[in-house]
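Two complexes are shown next, each including chain A; its partner changes from chain B in the first to chain C in the second.
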Partner chain A sequence: MSAATQYYIATILVYICVDVIACWGLDLQFGVTGVLNFAFVLFQAVGAYTAAMLSLGPSSTSGGFQQYLVGLKLPFPLPILGAMLVGAALSGVVGLITLRRLRSDYQAMVMLVISVVATVIAESVIGLANGTAGLALIPNPAQSLSSLNHETQTWVFVGLCAVLTLIVGIVMYALVYSPYGRVLRGVRENEAAIEAMGRNSTKARLQVFVIGGMFGALSGALLAEFIGAWAPSEWVYPETFVFFTAVIVGGRGSVSGVALGAALVGVGVQQAVQYLPIGGDPIVLASLEWIITGVLTLTFLWVRPQGLLPERRRRFRSSTVPPARAIDGAVTS
Partner chain B sequence: MALFTSAVGFGVVTAAILAISAVGFTLQFSVTNVFNLAFGSVMTLSGFVAYWLNQGGMSIWIAMAIAGLCGGVLSMLVNELLYARFIRHGLNLFGMVIVTISVGLITDHALQAAVGPSFFSYNAPPGRAFHFADFVLTGQELLIVVIAVVLTALTQAGLRYTRLGKAMRGLSANPALARACGIPTRRVVALAWFTSGVLAGVGGVALFLDISTFTATTGSEFLILIIAAAVLGGIGSPRGAVVGALLVGVLTEVGAAYWNPELKDVLAFGVLIAVLLIRPQGLFKQLATERAIVR
Partner chain C sequence: MPVHGDPMLVVTGLAKSFGGVHAVDSVSLTVPSGSLTGMIGPNGAGKSTVLSMIAGSVKPDRGSIRLQGEEIGGMRSYRVAHRGVIRTFQHASVFPQMTVLENVLLGASPWYGENILSALARRRRWRREERLQIDRGLSLIGRLGLSDHTNAFAGELSGGQKRLVEIGRAIMARPRLLLLDEPMAGVSRTLAPTIEALIGELRQEGMTLLLIEHELGLVERLCSPVVVLAQGRVLMQGEMDECRVNPEVRRAYLVG
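Moving on, here comes the complex of A and B:
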């Protein structure tokens, strides 16, 4: 296999891992618990920036061509762990602001606003993370294994991503298919009933907000370390919508379904568009990607709202309550 | 002081554009309870309709009226063909948010693919300058403010004094009761979408006139400010939307004058979040419980 093909396959594998981790984070919030986090991509971005700032070293190095905060040069697992920590902390702050007091329709709108504000701030305050140009030369941890050649280093990173995806997957299964997961689904299906059973639904929402934000940050850290660059154009607010599409297509609340959806929508659509016989105008291709994503969402919401691999619903024979329909967030009438 | 008053002057123009759009956004939400995140795309599409008419030699103000009608018809059609069907299909409030985002993204990017990423601008003279205390407004800007005052006042009066307005308020307060009273829900909802589309169309053309260059995504980028104004005033309250628009418009321009112009929106959003922390229902709204969408 040529080096180029190898690199192409490795790239796709890393992108799949990154998208699967991110979509699981969003699924925990939106699919399982019914929290509509329209700022999700912000947490991926925060993870990416944190990992970069913790591994780039002081901003005066390499001629000081980019400005950013912090600027540490920490060894391997620390930038990723730091990213997860910062992602979780920021989720906690945003969650405390939005989830506690606001009506849930306001929550969704305020998240959207927060996502946009964050982009504006990152673009205009240059000293924060180098403004619109973003950060470059973010070190890939596998490159510190200097005894290996470049291809092997790439595959080591693919392996790292795969292992982390596996770990997040195990955590997801443990959370979702446990008594705790039942509480979360209860918050989604009938908040009043969950409260009546003595569970604190706001606390549950906050918890999944933090855990989901942590997964988002992890995915961002891996992505930034792999591409080596990260800029505000990577995380404008419509990007969150791609994750939503992936979750809806895969099957909300279903761990395996969402992984499938993430691979199909996050990576599959982008790759498929490249092979369409319509010429290579990058603007048209990028537009087409968004159009396909939108049409996919509408189609699935109409034809198969439960997704490709639906969440398995427990039914009890004595129950007289009909199963809930279609796409339920937190609140109906 | 001169800096302050001139900033307020610019703020009033921004507020006028915001008010037209925010009233449209919030009116339709109060009647149907659907968050229309494709609202910005209706603005952009209408703006481009006006652009094509304007290129054909038509005055931008007549083009604005026609674009408003197009926006209304478009908005009503999208509701009939898509939103209403999805709602009858059983989607709830949050499902509908995702549907409207999808429609917005599809429209914006279809337009982007058609017209390309370039910048457009209307062929319209700014008109003579009008001097106020410390600031100067062009005739164009002044006319935008007048249009905003007339349109928001008309909407207010329509809601307050006409049968249709009464039906809309009834539907907003209690859909089931409204239907039981014999209000033709479907027609009123369609008219709410139409009105909201007209305001989106006029607001879009006014926005594009004011910022002078626009692209296929300008409307959707502006939508966030509209949402901020609507939420600030208490979403679903047209009167609140006007006050919210004034606050957001003036704050952004004053922020631009005294602070970093690139960060001017941040100030408005900061105020929005602060207000919501103290008054979660927005400035001018009773604390209402959430309602389901009107079917």
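Moving on, here comes the complex of A and C:
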């Protein structure tokens, strides 16, 4: 297998892992708990920038061609862990602002505005993260394994992504299919009723906001370390809706469904357009991706809103059920 | 027979205005322990608002609500529910995309496995507790006559069946005080006797209930005492036959 083919396959695999982790984060917030997080890509971006700044050296090195807030040159795994912490913290802050007193549709609007404002700040405040040009030369943790050649280093990184995806998947399964997951779905289905049953819906929404934001930041950290660069153009606010499409197409609330959706919409659409016989103009291809994503969202919401792999209907078995006396004259329809 | 021990709920001087409208204007009432207290009155009398203030979904402007001596006025609804006050809603509030059994399971008091750490780390322990709750839930669903629909999505049921699920969910919570907001609303004639019988059984089993209803026949058959509200005020609290002959009550129903 040629180096180019290897690299192509590795790239696909990394992108799948990154998209799956990100979509799981959004699914926890939106699919399971019903929080319309229209600022989701911002948390992926924060993870990417944080991992970059924690692994780059101070901005004055290498000629000072890019400016950024801090450069701590920390070794693996600190940049990734740091990214997740910052993502969780920022989610907490945004959650406290939006999730407490606003009605759900206003929440979504405010989150969208926060995403747009953040992009403007990142582009204008050059000293923060090098403005529109963004950060480059972000080190990949596999590069520190100097005994290996470049191809093997890439595969090591793919392995890292796969392991992290597996861990996040296990956490998702444990959370969603537990009594905690049942409460979250109750918050989604009927907030007044779940509160009347003694659960604090605001606290639940804040919790999934933080956990989902942490997963989003993890995906951003991995992506930035793989590509080696990160700029505001990677996280314009419409990118959030690509994640929403993936969650809806895959099956909102279903852990395996969302993974499928992430692979199909995140990577599948992007790859599929490149094989169309219409010439390879990148602007045309990018526009086509957006069109297909939009059409997918509308089609699925219209025809199959539960997605390709819908949320499972949970059936429970009893250990022993004593015969129950029905109320006199009980009629079941 | 009415059981009048120490009162379960004492409401004093409760008031709430929306804009300039005095929806509830200095309401005081007592719900005796073990009673099935009825709350009746013409539309707009403020009955649902009083219930919502007791349950915590509406914050009172003034007044006190004491549950067995403990002040709960102004508490948020999930905290009121923690103290054993469970309510149902005028439009039967089930969780539509969850099965009947899951709906009923969510009624049980918050148990182990419902926070993140125990969901992740303590699987065996919450699985054991869940098993007990499942058995209880299945038994309760049998009592409600809904065994055939155990795994049906609650959103697909009829209005009366949804009401049964909602009351079943409330029973799972083992409430001290059950607040029923027009339980017969949206219920077919076929299921109405079932629900009425269920409510009567709950009172016989010792539960305290406060019931808002428009169907005066049901109130007469089941409720003692009865509180009559009109235009945000309490007209009287007493037995149903006393209310029937009270001239103020008669006037309120003709005019209101």
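Everything that follows uses one rule, which is that the second predicted complex is superposed on the first by the 313 of 333 C-alpha atoms of A that agree within 3 Å, B and C clash if a C-alpha of one lies under 4 Å from a C-alpha of the other, contacts with A are read in each partner's own complex, and residues count from 1 in each chain.
The criterion applied here is as follows: contacts are C-beta pairs under 8 Å (C-beta built on N, C-alpha and C of every residue); 3 or more make two chains touch, one makes a residue touch a chain.
Every value quoted in this text rests on a predicted model; they were computed, and no experiment measured them.
*Asks:* Looking at A:11, would you say it contacts chain B, chain C, both, or neither? Reply first, second, both or neither.
*Replies:* The answer is neither, since A:11 touches no partner chain.
*Asks:* With the two structures laid over each other on chain A, which partner does A:183 touch: chain B (first), chain C (second), both, or neither?
*Replies:* Once the two structures are laid over each other on A, A:183 reaches chain C alone.
*Asks:* Just chain B (first), just chain C (second), both, or neither: which does A:113 touch?
*Replies:* In the superposed model, A:113 contacts chain B only, not chain C.
*Asks:* Have a look at where A:67 lands relative to chain B and chain C in the superposition and call it first, second, both or neither.
*Replies:* Neither chain B nor chain C is touched by A:67.
*Asks:* May I ask you to decide whether A:171 touches chain B, chain C, both, or neither, giving the answer as first, second, both or neither?
*Replies:* Once the two structures are laid over each other on A, A:171 reaches chain C alone.
*Asks:* For A:196, is the partner it touches chain B (first), chain C (second), both, or none of the two (neither)?
*Replies:* A:196 contacts chain C only, not chain B.
*Asks:* Of the two partner chains, chain B (first) and chain C (second), which one does A:290 touch, if any: first, second, both, or neither?
*Replies:* first
*Asks:* With the touch criterion stated at the top, can you tell me which chain A residues are shared between the chain B interface and the chain C interface?
*Replies:* Touching chain B and chain C on chain A: residues 325-333.
*Asks:* Any idea which chain A residues touch chain C in the complex?
*Replies:* Counting only chain A, the residues touching chain C are 171, 174-175, 178-183, 185-186, 189-190, 192-201, 207, 211, 311, 313-333.
*Asks:* Mind pulling up the chain A residues that touch chain B in the complex?
*Replies:* Chain A reaches chain B through residues 34, 36, 97, 101-106, 108-110, 112-114, 116-117, 120-121, 123-125, 238, 241, 244, 248, 283-284, 286-288, 290-291, 293-295, 297-298, 301-302, 305, 325-333.
*Asks:* Going by the contact rule at the top, pick out the chain C residues touching chain A in the complex.
*Replies:* Residue list for chain C touching chain A: 55, 57, 76-78, 81-82, 86-87, 89, 93-99, 101-102, 105-107, 109-116, 118-120, 123, 126, 130-131, 134-135, 138-149, 151, 153, 158, 161, 169, 173, 190-191, 193-194, 197-198, 201.
*Asks:* Over in the complex, which chain B residues touch chain A? Could you list them?
*Replies:* Residues 35, 82, 86, 89-95, 97-99, 101-103, 105-106, 108-110, 112-113, 116-117, 224, 227-228, 231, 235, 260, 262-263, 265-266, 269-270, 272-273, 276-277, 280-281, 289-292.
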